[in-house]
């Protein structure tokens, strides 16, 4: 089955690229290709330039369902990705303390995932991703398992994190509001097989964007018009499991 | 792009072992060939293992003399009747335990206490209770399959999605409708997978059951071969039971695929 | 005709019933007999108690005594006996033990002795032999004759005792050694007895007497043909053929015949019972704490049917 | 609000049977009282069931003579060593089957074929293979616990959340780290719940194991009682095994609660 | 544990009441109380007036996770709730056909739930609710298990359904946009124990509301300011499981 076809994309360093498209169009597959978790049957993914100093894992994911180890505490989950890269002792301790502080998790150092709300779990996943100092963050619908209010809160947190220290992000989402809030560049894919429909550039700095802002709303409406028909078709599809 | 563009390295995949058709068969054939060689060459003593080709000949013999059916049919009858009794009763009791607090509180400890009782220990009692005829054989197999079925059945009822039950209540469905249309179909996958284990136990218990005055039956055949230390026949019997087990497990798999087509 | 069920093992020692059935002695006495075959003596005793069988022949085992104590089984006559001059049960040593010096029963001290179950006749024999030789012996319960043969062949137990038609071919094939005769230690040992349910013994006198009568006729034919060999070779041949219908059915006649002939031990005439031997066995069971002390021979034996010898 | 305001009728609840502490005990006591009464009054013959008070006396006797420990300790030793061997090997093989395609393809059919083989049928062979000493008893119990453990273990590995494994790969964890830190802890709940069944099977197999030349042991005690048709002792032995089963199951439950505290 | 406290609410017939509040404040509990699935330890729920003619189940739920029987087809799932109320034969057939048509499911009559997309599943659940002709529809976050685009599509469908034949609805959600689009009256609850914070009335007809409309955006912003702090607190809560 062809999932993605005839797709050529350039991701900009230090900016957030949002990828939107109807259900099943291959967004997650594309992201897995970016991160080396999937092998393309044709074509290739190239990375250029050097990873920043202290980068343990250049291409780092944040998953929709958090992917926390339930048997490890918050700190343990962050520690997991440091252990294998030989970060030990005081250094490890410091890195963990730093990323937990940046994601407002300092008080939850020893909590188990089951005790946390969804928003907190995703913060842990973000802290874990930050801990390896990635060159590119690959975020696969990081907010869609959360309720609308928590989503708002986390969007603010992401903007704050990016503002403090800009990272290269590829952010897959269904949510046009998220794309309009977080994207420097919005890539719109068509239905399966996913092809490039449009690429929208947004010059407005992230910190100047607010929910309910008129131009962002207009952009959203434009994107929605672009996609509505395809979203409907995707919705009506019968899967032949 | 500018300088040094390297392709991203693949690091996914794995951790998803599939089945290679034929490997299993190859392992079987290899194993049998090894034993054949060993027994012929003498580095496996004929006291340790029989020669596979001799076991094969025993089979041919069983087949040609018609003794195979003389032994297989009574055993199948016992297995079917006994398992049917045990499984039916087990599902009934298990569902009741899954539905009613007092039945659960009263019976779960009883079932837990019955589980580790070795059925062969009760053989002498079974003769008194059910006679030496088919009755005691049915009863032994039924008892052996009963307890695991109960456990599987009430586990399955417990695992039925509670939101579906609340949905039924919210639409004003009667209690019996909820049980019939939501709880029972929802418990079916668990019950069927429990049946796999129950039937395997039923097959294992055939030998114990046929300790009780059975002249014909695969279990009796094995016991007789064992008491004569006739390894060829012992293994022939064991192979039949093993095949029976694989076959019934496959049959339940087929039923599952048919009845549970709705599963994701 | 009265319907009765006779419990039996497929052993030559049960031949009297087979002969009585095949030659119509049961029918002559108005009994319509069907056989219930068992794999071991123990379930047969239980089956008598539960009413699944009416009459059977078996060794005096702990199980039988316990059932008698519960008021459900009675010994009504004797069957197989050890008798001087007739090939009886043999004492065997494994090859390994034999080479290590177990060449006579006197050397049993410190050795292991195979039995099927605690309280079986093997246990009794082994214990009596060891007692007579002043030897301390450990008994290994192995449940089945097959398991015992395996353990003997591989030298994991040292000694055993068994009927001659199993012992002799084993010794002949070099798998083990015969080192003595049980009869030397237990002369006139009442190996097996005829027994029935207490109900049959107490309330069905006519039926029980009919059974014993027919059974005795079968025993007489058997003794004449194969034990005393007074009936001539032709009768012996015919008798072996008759028995082969029930015993070693899965072997061709040529192979079965010697085993059947070897297994022929005397079945007591008129089901006479050697009370002294029975009493000795009962006392042994009591002394080993395998059965309750309160049991007397009266509980076990209904002596009103058969002649009591000693 | 205006006219006829009726309260909404409650229609939820139910389908959530709890445990009533004590009910189980009450059922046991009732059952035993019934049997006691029946055996005393005579409507249960002394051939059918022993008098519970006599079983109790047998216990007291076992305790006072110290015979209880003479029988219990060897059995416990066999159970522990045998189960440990079987479960360890089973977990090892099960995890390998869960990780490697060729091992899975080669061994799954073999395990499936071994499952329905009655272990008592192999007793005569075990005598030759392992002797009549402790070896064959350990081997029998180990073999009996091995197959269900394998099935549970590879099922548990299969059920480990694949997204966790992909996460590990995406962070560049080494294969061995993923196995050690993600697959094994993730499979632990399934393995532990499989151990419940395995240990119960181990207890059941004690009797079969002690058929082979055991002078002491609960299984040997039960077998002897059975061959003497001594129902009091038979039941005393069965009660011990049953209590042992309930106890080990409870112990595994405790371990689960400790080790799997992280479970939701 | 006290979940709801000191709460007095009146639901208007023929209008949609939206209930919003932070996570765990008791919205679902309140809805279960309305529908008789939970028993209040104090206070009572009263219904006044008569159910409309042909109403089989006055208080009818639509659940967040659809609650479809996976072993029944689309039609079978609708049929389930009719069977027990004695609707048989041709009548049942007609009712099923009618509600499937109204929810654009006519082509999916015999499909199994596993073959359907999330949006389609929720449409089946709505069709099932419509089949019993309810006096009040109780919707517990009916869209929050769906992706953002499908959510848009279903909101339009709900508005169309209500416009064709107004029903009384109680609609629980986290999503302020949904509340602003669908509510005639928006009830804001405080954190646990849930108390009434505010009740906002919206006069604008549903059909005149559009995504990105300025006054609706303003309302959303106001609601968000009302709730932000509490949402943050709810997010940070450790559960003591």
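General observations
Every chain is named by a letter (A, B, C, D and E) in the order it is written, and numbering of its residues begins at 1.
Everything below uses one rule, namely that a residue touches a chain if its C-beta (ideal position, glycine included) is under 8 Å from a C-beta of that chain, and two chains touch if they have at least 3 such contacts.
Just so we're clear, the structure is a prediction, and the values are computed from it rather than from any experiment.
Counting hops only between chains that touch, chain D reaches chain E in a minimum of 1.
The chains that touch both chain B and chain C are D. Summarising the inter-chain contacts, the pair of chains with the most C-beta pairs in contact is B-D.
In this assembly, the C-alpha centroid of chain B lies 47 Å from the C-alpha centroid of chain E.
Centres computed as Cα averages put chain C at a distance of 83 Å from chain E. Shown for chain C are the residues that touch two or more other chains, namely 42, 46, 49-50, 63, 144, 146-147, 150, 154. Contacts with at least two other chains are made by residues 11-12, 47, 123-124, 128, 166, 169-170, 172, 223, 226-227, 229, 264 of chain D. Multi-chain contact residues, meaning those touching two or more other chains, occur in chain E at positions 35, 37, 59, 114, 241. The chain pairs satisfying the stated touch condition come to A-B, A-D, A-E, B-C, B-D, B-E, C-D, D-E. Within the complex, the chain C residues that touch chain D are 42, 45-46, 49-50, 61-63, 65-67, 70, 72, 114, 117-120, 138-144, 146-147, 150-151, 154, 156-157, 290-291.
Only residues 35, 37, 56-57, 59-61, 63, 65, 67, 69-72, 80-81, 83-85, 112-114, 128, 132 of chain A touch chain D when the two sit together in their complex.
Those residues of chain C whose C-beta lies close enough to touch chain B in the complex are 36-39, 42-43, 46-47, 49-53, 63, 144-147, 149-150, 153-154.
The residues of chain E lying in touch with chain A in their complex are 22-23, 108, 111, 114-117, 119-120, 144, 147-150, 152-153, 173-178, 211-212, 214, 217-218, 220-221, 224, 227-228, 231-232, 234-241. On chain D, the positions that touch chain B within their shared complex are 11-12, 14-28, 31, 47-48, 97-110, 112-125, 128-129, 162, 165-166, 169-170, 172, 175, 178, 183, 200, 203-208, 219, 222-223, 226-227, 229, 231, 234, 237-238, 241-246, 249.
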